[in-house]
Amino acid sequence: MQYKSQAVAKPYFIAAIGLFIGQILFGLIMGLQYVVGDFLFPAIPFNIARMVHTNLLIVWLLFGFMGAAYYMVPEESETELYSPRLAMALFWIFLVAGALTIVGYLMVPYAKLAEMTGNDLLATMGREFLEQPLLTKVGIVIVALGFLFNLTLTLLKGRKTSISLVLLMGLWGLAVFFLFSFYNPENLVKDKFYWWWVVHLWVEGVWELILGALLAFVLIKVTGVDREVIEKWLYVIITLTLITGIIGTGHHYFWIGTPAYWKWWGSIFSALEPIPFFAMTVFAFNMVNRRRRDHPNRAATLWALGTGVMAFLGAGVWGFLHTLAPVNYYTHGTQITAAHGHMAFYGAYVMVVLTIISYAMPVLRGRAANSNRAQVVEMWSFWLMTISMVFITLFLTAAGVLQVWLQRFSTSPLPFMVVQDQISLFYWMREVTGVIFLLGLVAYVASFFVKGEAATLASSTSGRAGIGTQPA
Amino acid sequence: MNAHSLDTTLSAPASLAAPAPEARSTPPGDLAIWFFILAELLVFAVFFAAYAFARAQDVALFNAMQDHLDRNAGGINTVLLITASWCVARAVRAVCEHGRSATGAHWLAAAIACGGGFLALKCVEYAGKFAAGISLSTNTFWMFYLSLTFFHFMHVILGLVILSILWLQTRRGGYGPGHANGLESGAAYWHMVDLVWIVLFPLVYVMR
Amino acid sequence: MNTDRSFIVLLAATAATWFIGESGAAGAAAMTATLVLMLAKGRLVVLDFMGLRAVRGYWRLLLPGWLLFVAIVIALAFRLGHST
């Protein structure tokens, strides 16, 4: 670790993994509830489990982004973090607030929770993914502002690199767009219109900047390729992201009551949203091919390459499958959506956070890379989780295709619940696969505890010649 | 710029008859701008294709609405953009082959003037349409006409911003033979903007 | 010199396209003529203004390829629309 203050990243990463485990447990609960409808009813009804699953996902990814930023920015800026103490204080505030919110979802009837937390002052609850009480939302803003303040001041007093600039742009964007969660219009069309300014402009907008920056950072470290080359690619990727993704928001405006031109704008621009993901994949493989050294952390390199591929497949390809209006007319809100959502989130954001943790955690623990044995376990966890996710997606896609066929496309459509019965086989297969995913996650956690001599640069160098400039 | 973007040969001095610059493996300017250009061209290609196929669904409507377009304005605008591109090409030659920055700056200024003319004429065209009550929701033809041309309009603005920066740099003698990467990159972007209109004009204003 | 010659040709081609429009000609012949003019103009901008004439390899083919692709798509859509 080059700067002492980078150490604050560690608790953030640990919290992230802990919350990830919680997320998957609730995912498995829901997966079972799909086929055994009253599983855990009334203690944990489906809608509560869903809130916990989705909210935990977002919060653990945020912990991951924050840890990543605290690790990366001091190193990129070549100066200590402005205030490690603030970073730690915010960590506890965020963690406790998050935990209390989840406890609130589970222990308190939602309407009562709303009453207790000031929803009558400003009604922000009750919307998908934005179920958090007003208090929690305000807390998130405060934590985000403190976090951004800390990092921005660090950046300002040190070296400014493309990676840190893109990362901060993405993070500021994340905070700014979250403010739209406070805007909850009476008019249902406007409600839904602006809801996507949080959700779409996050995951198909500013979060992609964060993704690009994290990926570029790890690739520079493990490949030793010239910084200028990697930073140029990063700019190309984020430009492609913004060109396609901003007006691409329109692919959520097909059926909510907005003017018809959105069917055209949304289809045309969002059809091209896979391109930046394709570029990211080519970029990652290209950099690894041109590497100037064989970094001992082979697991991190695997995660980096895997992120490109899975993000392209999950977000890019599966997104494209249902992004054109004429197709979406039939598939909207079906298991096709779930298939895309799972693989996209996993491929893009789960994997990039696991990539940066894979790279940074060993360093935070005092070595360049974990032992060979630990890395093997970690790589097993990569394959178990990734392959399970591919199969979860395939099963949900099959379920979705059948659902669309029976419930929407047919000349005599069947009712929703009748169709759900017809596709339940796929739900069972998804649940079994989900258990394997959990096993992968267990292996992942276990890899942190596998002992052995740390792998070093000397033990894995293959004598590659570099050209001229020193790696960054 | 680093070694990676300078692996091209220096441009050969122009001969009078048929100039044959040494062959190079990468286009002039930064490779990154060319990826950007390709991405933009792809977006426009998809938009053009969408227009063409939407038109195929209702040829009568599109032909009827097209009659309301000001083809003269479209034609003059085409001339303006082509002229601006020619001026940019002349500017690049002046700087890169002859090292004459002052001349180059004048050519760039002329290009900017032409581009500004395009914007002005387009605004007049739009004003006319809006005054007639036409909007994105009038019908599919008008939706495409307004979207396509407005999207292009925004790119002309960006192109002019880039040309202005190039003009400022050139005036200061910031570019010369062998070190005009920025100038060539910006010029390439402008030519893309021209190229898009070269498709747009016949497609939307002429073809029936 | 190439750039100046190309400029003149571009102006002439623009005039021709405008004239086709003015004449109100419709149908496959007019469409083909317009597309050919469009391709010719595009090629000149790509090769002489953008300077790709001097480039070898796939960059030399990419942009003219784009023009061809767009022209083919337009022609196909046109055929589709007028075949009823």
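Should a chain be cited, it is by its letter among A, B and C, assigned in written order, with residues numbered from 1 in that chain.
By definition in this document, contacts are C-beta pairs under 8 Å (C-beta built on N, C-alpha and C of every residue); 3 or more make two chains touch, one makes a residue touch a chain.
As the structure is a computational prediction, the values presented were derived from the model and not from experiment.
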Chain at maximum distance from chain B, centres defined as averaged CA atoms: A
Top-ranked pair of chains - ranking by C-beta pairs in contact: B-C
Separation of mean Cα positions, chain B and chain A [Å, integer]: 38
Computed distance of Cα centres, chain C from chain A, in Å: 45
Gap in Å, rounded to a whole number, between the CA centres of chain C and chain B: 15
Residues of chain B that touch chain C when the two form their complex: 14, 16-28, 34, 38, 41, 45, 48-49, 52-53, 55-57, 59, 63, 71-72, 74-75, 78-79, 82-83, 85-86, 88-90, 92-93, 184, 187-188, 191-192, 194-195, 198-199, 201-203, 205-208
Residues of chain B touching chain A in the complex: 2-4, 31-32, 35-36, 39-40, 42-43, 46-47, 50, 54, 136-137, 143-144, 147
Interface residues, chain A side, partner chain B - complex: 226, 228-229, 232, 235-236, 239-240, 243-244, 259-261, 264-265, 267-269, 271-272, 275, 279, 468-469
Chain B contact footprint on chain C (complex, rising order): 1-4, 6-7, 10-11, 14-15, 17-18, 20-22, 24-27, 30-31, 34-35, 37-38, 41-42, 45-46, 48-52, 54-57, 59, 62-63, 66-67, 69-70, 73-74, 76-78, 80-82, 84
